[in-house]
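Below, each structure is written out as structure tokens.
Here subunit A shows up in two complexes: once beside subunit B, once beside subunit C.
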Partner chain A sequence: MSYYFAMIGTRDNPIYEAELGTFKQGGDGTPKFSAEMKELNPFIIHSSLDIVEDLQWATNSLYLKIIDNYYGYYVSAYVTPTNIKFMLLHENKNEENIKQFFIEVNDLYLKTLLNPFYSVNDPIKSTMFDSKIKLLTKKYL
Partner chain B sequence: MNLGKNSIYEKNLSRRNSEINISSLSFLFCEMVSYCHSNSKSISELENKLNILGYSIGAKILELNCYRENILTIKKQLKRELKIIEILQFIHTVIWKNLFSKMADELEKSQDIANEFMVIDNNPIISQFISVPRELKQLNCNAFVAGIVEGVLDAAYFQCTVTAHTVPRDGHPLRTVFLIKFDPAVIERENIRYGY
Partner chain C sequence: MSKAVRTAADEIWKNRVEKINVELFTLTYGSVVSQLCRDLNNNYCEVNKQLEIMGENIGVRLIEDFLARTGAGRCNSFKETGEIISKVGFKIFLNIVPQVTNWTDNGKQFSLVFDENPLAEFVELPDDGKAVKELWYSNVLCGVLKGALQMVQLDVDVSFVSDVLRGHDQTEIKLRLIRYLKDEIPAGED
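Right, the complex of A and B next:
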């Protein structure tokens, strides 16, 4: 199974994106998207942003659960209090784990944000952040 | 590059005692004001510079306080503030408490103008050692705090401008009113979503 994870800034700009592979069920942690899907992933996520923007004023929850689907793929979303959107494209439903994943990513994002050299909407380039996300994938997805 | 254990991602976000020395805070703020003052030609420019300094802190404060308040406590609830009155109450209690270890004194809605709200602090901490000279009479150094409030509200998608005004009252010569003027679009959204 493969996941596509993106963090979207307040101007609908991607600040971080990654293709993640599962370690569960014999997976080796490498994403297995076909060449076609690789190109489609950002578009699917981007097309779901309108739904997020509508939902975020309808519920005061941070975790919006599965908000959209696309030919067997699901899109889950999480909105931080400062309206940074975390989007995850996945193949099977696993709400509780995805929720935990999002909360831990929120933690990492907050630590990035508290860095005085980082300002809102900057792309996150830290390799440390990247490897932390990989660790979380191993733990939850 | 291996930053190992000292990386920012290894630090713990919960902190029980967040108090710092009032003297070091005042000294730092004093330097900020005099730096801005030396670079500006008018009072409004000086206030604007202080406002901008505060603004960048706002988003960080909001994210941090929501996280500490909701996720790190036993409640473990995942929630954001959606209504004007809720986000203002959050600023009035939680954010003020974390910034100044006290709650703001009053929270008021303007009677005449629908999109104006006021947060009032009777004795603002950061300006308590600042004596404003006569030629700068209009100046209120709490423009910095107004900037923080504006940053918080903007980050939460409540676009607004915030200004600080000195409105003395008996026994509280430094009493400061933070006037929050919301964008008409915010009021409109509130009306459509929650229908008043």
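Right, the complex of A and C next:
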């Protein structure tokens, strides 16, 4: 099972992206997207952003659940109170876990934001952040 | 001395110190450092220098506060100074007690090793390849120590040896006693 995760800043600029592999269902933790999908991933996420902007004002919760699908792939979204969007492309419906994943990523993002050398909408380049995302993937996805 | 001193410091920390929220404190210091870096175009050596000067300005005032709160008398040796800095000074102002280690044989140099550093919580140095080699993020501490000790007639060289922010195993500040300053009598007064 493979996931594509992206964080989008307030100006619709990408600040973080990663292809994530699952360890569940016999996965070995490496993403297995085909070459075409690898290229398509960012576009699918990008095209879903409009839907997020429509939906985010219609609900009080930060987690918007599955908002879009694309030939068997689903897109889930989460919007932080400061309008940073977390987008996840996935193959299976697994609402509860994805919600937990988003919430923990939000925590992680918050810690990044508290770093005085990081300002809003900067790309996140920290390797620490990267490895923590991988840990969360292992835990929830 | 150590036990009595420690309980006294505990008591001061608990009852006689105004406390502020740690995030507020950390973020305030963080924005000072990051603004300095921006103002000085990431010339980290210069940032270190400015932080030390700021620290000295804090230190020369802070020592007065420290003496008033603790009523500490003059130390008999530099060794005692080290203990007081760690167990009372850092305790009452930052609520941390760095280890005092690495004494040289002549008793004129030691290190403070920090298990935690409230200044550097959440911080990751910028990854421009330069910061991890040049910037001492918490250099204000060196200035504070230097400024404070100078006011009690100790000329001390204070510098960072290592910092976990740079990927080292521990955060260590080295203090080296240069000389005891003599009270100087202004010229023309007998």
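A few remarks follow.
Simple rule for what comes next: the second predicted complex is superposed on the first by the 141 of 141 C-alpha atoms of A that agree within 3 Å, B and C clash if a C-alpha of one lies under 4 Å from a C-alpha of the other, contacts with A are read in each partner's own complex, and residues count from 1 in each chain.
Everything below uses one rule, namely that a contact is a pair of C-beta atoms (placed from the backbone, for glycine too) under 8 Å apart; a residue touches a chain by one contact, two chains touch by 3 or more.
Everything numeric here is computed off the predicted structure, so don't read it as measured data.
Here subunit B and subunit C are compared by how many residues of subunit A each touches, and B touches more. After overlaying the two complexes on the shared chain, residue contacts for A:V79 are found with subunit B alone; subunit C is out of touch.
Judged by the touch definition given at the top, the superposed model places A:I103 against subunit B, while subunit C stays out of reach. Shared-chain residue A:K111: touches subunit B and subunit C both. When the shared chain is aligned, subunit B comes close enough to touch A:L62, but subunit C does not. Of the two partner chains, subunit C is the only one that A:K125 touches; subunit B does not reach it. Under the contact criterion defined above, the residues of subunit A that touch both subunit B in one complex and subunit C in the other are 111, 114-115, 128. Residues 111, 114-118, 125-126, 128 of subunit A are the ones that touch subunit C when the two sit in their complex.
Here subunit A touches subunit B in the complex through residues 10, 56-58, 60-63, 79-83, 103, 106-115, 119-120, 127-129, 132, going by the rule given at the top. Interface of subunit C with subunit A (complex): residues 23, 26-27, 29-31, 33-34, 37, 121-127. Across the complex, subunit A is touched by residues 1, 3, 7-9, 11, 13, 56, 59-60, 62-64, 66-67, 71, 78-82, 155-157, 189, 193 of subunit B.
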